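These notes open a run of structures that come right after.
Two complexes, one shared chain (subunit A), two partners (subunit B, subunit C).
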Partner chain A sequence: MYQNLSSDEILNKLAQIAADPYERAKEWKMETGSKIIGCYIMHFPEELLHAAGVLPIVLQVKEEPITTGHAYYPAYFCGPTRSIVDQAAKGELDFLDGFVGGDYCIQAVGGAEVVGNLLPKVSNMFFRLPVGNQPWTHGDIVQGLEELKRDIERFADKKISDEDILKSIRIYNKNRCLIREIYELKSVHPSLLTSSDMLSIIKSSMVMPKEEHNEILESLLPKLQSKKETIKEEGVRVFLSGSFCGAPKNEILELVEQSGAVVVGDDLFHGYRYISDNIAEDREPLEAIAAHYIDKNTNVPCPTRCDPKTDWPQYLVDSMRKYKADQLVIVMAQFCEPHMFFYPDIKDAMQEAGIPHLLLEISHELDSIETIKTRLEAFVEMAV
Partner chain B sequence: MAVQEAKRANRLKSGKLVNKLVNEYWEDLINAKKTGKKVVYTTGLPIGPFMAAQDMAWIHGEGYGARVAARHEEKEPQTFAENKGFNRELCSYARTQMGCAMFAELGVPDDLNPGPIATEIPAPDAIVTCYPGCSTGPQWDWAIERVFGKKIPWFNVVIPYHMGRNGSTYMKGEEFEENVKYVVRQFEDLIKFLEVVSGKPYNWDKFQELMGVTKKVGKLRMEAMELCKAKPAPASFFDWSIQIAPVNYLTAWPGTVEAMQAVKDEVQERLDNGVSAVPNEKYRIFWEGIMNWNKLGWMADKFASYDATVVAGRYTHMAFWHEPDTIDPEHPLRGIAINHLECQLNLGYPITEERMMTLSKDYSIDGIVFHGARTCRSFSRSHFLLAENLNKKMGIQSTSFEGDMVDDSFYKEELVNTRIEALIESLEAQKSRG
Partner chain C sequence: MTSKSDRSSFYTMGVDSGSLTGKAVIIDGNRQIVSHSVKQLGFVSQKAVMMAIDDALEKAGLALEDITYTVSTGYGRKRLEIAGKNLTEISCHAKGANYLYPEVKTVIDIGGQDSKVIAVDPSGNVKNFAMNDKCAAGTGQFLEVLARALDVELTEIGALSLQSDADIKISSMCTTFAESEVISLVAEGHTTVDILSGMHKAISGRMKGLVGRVGMQQPVMMTGGGAKNIGLVKALEKTLGVSIFIPDEPQIIGALGAALFANDFATGIRKKVEEEQDLDKSRVPAKDCASCSVQNFQLNKN
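For the complex of A and B:
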């Protein structure tokens, strides 16, 4: 169905899905009569949920200002968690049959508690993902996965076999491989896709059936391959970092590019972080998923994982070199504690490596967009 | 209309004994290296006895932040941390300790003139995290580990959040039991870790003895607090906040049993003689949130002047060895795990609400003050839900204001005054309606 569309048409389609992120899932529910589980953003074993025959989606921040949600979650909590609380308060998440919260961040814990209260009919589950990287951490993550598996089986009224999980892992691995191929293309030909295009690709992957997303990407990839020859490269090469649970707003991404930069790589959760690594297909599946949590964090370190064997600032320095990036733009959600704890180290590492960086602390309401624009322009100008 | 006269809270006098112990503890810590003791940095719930058994010194990050603030020395470390890039929206305890840690590691910059407590604390030989219900805790310790050049061994006891899955409730159910086992196993590994750091086999006899002390002190405190179910209450939440050290970083410190016994005796004596914490108690308030340490005395008098006793609080009544009977000094790990798992911050919302409703009944609460500590989001995460549901289910009125633990820049006195006044007025109206 996508074979006959041009790459731009396919990207438009993905952008539409991403812009109205729950519509495709709702249609799927109508078509299949099956259940939907919302994941309270980062670090969830979607494969395990998928294996139960349900559709896991990653809940998305909405661009609209928070209104009803103000009554349920204080204004000094991060935008991503407040936005989801707001959606629940407005009834926009009523289509969910279940949702899974996690303990990777206290603001996400609190947000999920509020959502649980606002959606009493929705099955409220939890994924315990122990932090750190000690000899026993892998086994502890397996235990957390087993607890979730037990709860999902009750929820879906279905026993999940190892074969089911493996099948799901294969589908998800394929998706990650395809997106990584697009990343590779973009790093060599950064103007081939805008960063908003990349965001649409990832975001749509988070909110629709992966099988279908794989099909779309299989149509898109060859079209991008052939298009790359016609692309003229220009602009200051920028690496984009941060922005955990919430995707950076399109407005910010556009400003980066309008300032004269091209994005050559990123470690965004709505970006490379989401697809950086595959899950082994030749191990016992829960063990493989648990190992994946440790390995992918070595690939792209996450400050919520508290793994002292990882070094996020050094990873950034290395990535800058790998992608021949000139500058680092850090997008930090206002009030994001894990990110705030790391900024001083990143700042020092960049200064030591002689890499210019710009920190943009972004409020959900984007109240300082003009200042952001001026700062970005002045920053990119420096490298021209 | 509520009339505010200048009345003062009648604070417990026996608190002075605790001050003496606090001073001894800090003196000991400052001199730890000189006396050949290893120093362990900790955050989270009180795990001092684990180290004390090995004759190691420990410093508790939050206790340290509060101490620095109590000595009015917090501005310099906070400024230093901010200059280094630590955002002022980060947990103010963490920022304060980070500033001090950086003084220790990087030296004091010329333009700052920090006080002694902020600069005299020794660098760590190990870091042990044991944080319930807040991801900021381990992230803060990780930041400390990085400040000291990633060379300090770090042990993180992961305390799993007790959400209340599949019908598990307070101290009951499958999830609770699984969590207890999981924490006990980590404590066993912590002990092995401490053996390595201290270079000697673990002193179980001493540990068991210290946990016996902990149990006694915990029991005395809970009993003393329970005496305040009486009307009028002989002591207030502010007293219990001031007396927190013996069940917090001073856990099992020599002299804590005597100090807490003296506190309990004084409360009993007051009760026998009809002496109350607030001269003319009309309203009974629950304090929801962590303490605003810079404002403790001011707050105590403020409520007293409205004839309101702040009788209980989640901070004081739902943590810090609040379940002493679960501790078996002969086999202490399970009891420690239970106290840590079932503390205020680590409970899922429905369990928290149920506990708060029970306390509100037990202490005959009329109104709740929600102190939204701006940089302690773990505490304030459930405030709006609690306010709504406790009003709906029990008719309890409340007010809220923003403040902080040790960063008074988040605190707006005018607003606090208006909010407290409004709460008292509505309580007055409710009482007059009968």
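For the complex of A and C:
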């Protein structure tokens, strides 16, 4: 179905799915009569939920102003958690059959609690993902996965076998591999895809059946391969960092490129962080998923994982060198405590390495776009 | 009237289309300022910008066709069709400040809509910068609103505030809330001069935070319309504990920097983007300037 479309047409299709992120899932529900589970941000074993025959989707931030949700969650909490609370309060998540919350940061825990209460007809579950990287951490994560498996089996009224999980792991691994291939192409030919294109690719992957997404990417990749030689490369090379649960606003991503920069790499949740590592297919499945949470944090450190063996600032310095990036643009969701705790260390590391960086603290109710534009342009002008 | 166009030299122009004022500066091929103009008509007024351009051309005795290259800056920088290139006011203020005072390391620009602190290197390049990113608090617009609430001319508030020895604190930096707070202070019987002094202290406190984000290095220069407010300058000097250099015409520094960039592009020091197309843009038909008079202008560099 996608083979006859051009790369731009395929990307437009993915952008449409990403722009209205729950519509494809709702269609799937009508088509299959199966259940949908909404995962609150940010680390969820989607493979385990998929193995139960349900469709897991990652709930997405909506760019519309928060209204009804104000009554349930304070304005001084981050936009991503508030936006999902707002969607639940407005009844926009009533199509869900299940909801899984997590304990990644204090705002996500509270938000999951509120969303659970706002969706009384939806099965409310919780994934306990212990932090750290101590000798006992792996075993603890396995236990958390077993607890979730028990709840999912009850929810789906289906026993989940190891074979079921392994089958799902293979589908999800394939998706990660395909997206990583696109990343490899983009790192060599950064103008081949805009950062908005990359956002559409990852965001659509989060909200539609992975099998279908894989099919789309398999059609897209050869078309990108043949297009790459025709692309003219110019611009200041920028690495994007931050936004590790909600998607950065398209408007901001577009401004980065309009300012004369090309994005050569990122560590965004709606980016490389989501697909950085595969799950081993030759281990007991839950143990493999648990190991994945530790390993992927080594690949792309997440400040919420509190892993003393990883160093996010150093990872960023190394990434700048790896991707030959000139400048670092940090997109921070306003009131994101984990990010704010790390920023002083990142700032010091960048200064020590002589890497210019720009911090954009973005509120959900967007600040003056003109000011952000001026700051981004001035930042890029520094490198010209 | 003959055109001052001298074929042994050439002219470039910088235009700063600011949020409250339009500014234009023309420099010659030796990078000397030939003329400048500042006009105020309203928010990002294209008319004010065109008036400033016409005025600067008239003072220089030039026609638009005599200008080899134009660079625009400021909020409305992308709307100026005659500009071959547009650059942010951050880069332009750094360049202009460095031209007037090559030793300057920190530039504080308080404009109509925003305030910026810029760390400048010895070549006039931006090393780092910070900009107010939430609202217009502590900017020219903030001062205008409060001057109106106190029924005082904007040009008078600086000198008036220096007469105060009281210590009034204005806690809110939101323009709207600060206006309410000022009205309350008036109702409580505080004098206008004391309230103005408190207002300048409040802005200085906010600017100190912005300066801290960049890291202050001396010498410090202040640019933008805010630098014309002596009360604000003195309050800022006290808060930061430094002496601040104020150029004679602080409002034109962005346009001056733009004119210097235009010179760089025209002489090939910097590469023009889409060169031919941009040059065509700057060659718009000349306007009638039959009554031009020539006024050379040199800024005081001391």
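Convention: the second predicted complex is superposed on the first by the 384 of 384 C-alpha atoms of A that agree within 3 Å, B and C clash if a C-alpha of one lies under 4 Å from a C-alpha of the other, contacts with A are read in each partner's own complex, and residues count from 1 in each chain.
Throughout what follows, a contact is a pair of C-beta atoms (placed from the backbone, for glycine too) under 8 Å apart; a residue touches a chain by one contact, two chains touch by 3 or more.
The structure presented is a predicted model; accordingly, all values stated were derived computationally and were not measured.
Of the two partner chains placed around the shared chain by superposition, subunit C is the only one that A:378 touches, whereas subunit B remains out of contact.
Touch criterion not met for A:280: it reaches neither subunit B nor subunit C.
Shared-chain residue A:355: touches no atom of subunit B or subunit C.
After overlaying the two complexes on the shared chain, residue contacts for A:303 are found with subunit B alone; subunit C is out of touch.
Comparing subunit B with subunit C, more residues of subunit A are touched by B. Contacts of A:114 after superposition: subunit B is touched, whereas subunit C is not reached. When both complexes are overlaid on chain A, the residue A:370 reaches subunit C alone and has no touch with subunit B.
Of the two partner chains, neither subunit B nor subunit C is touched by A:291. Once both structures are placed on chain A, subunit A residues 361 are touched by subunit B and, in the other complex, by subunit C. For subunit B in complex with subunit A, the touching residues are 84-87, 89-91, 94, 133-136, 138-140, 142-143, 145-146, 150, 154, 156, 158, 160-161, 163, 165-166, 178, 182, 185, 189, 348-349, 372, 374, 377-378, 380-385, 388-389, 402.
If you check the complex, the residues on subunit C that touch subunit A are 75, 87-91, 114, 125-129, 131-135.
Here subunit A touches subunit B in the complex through residues 71-74, 76-77, 101, 103-107, 109-111, 113-114, 116-117, 125-126, 128, 130-132, 134, 136, 140, 143, 147, 151, 154, 303-304, 306, 308, 334-335, 337-338, 340-345, 347, 361, going by the rule given at the top. Residues 356, 361, 367-368, 370-372, 374-375, 377-378, 381-382 of subunit A are the ones touching subunit C in the complex.
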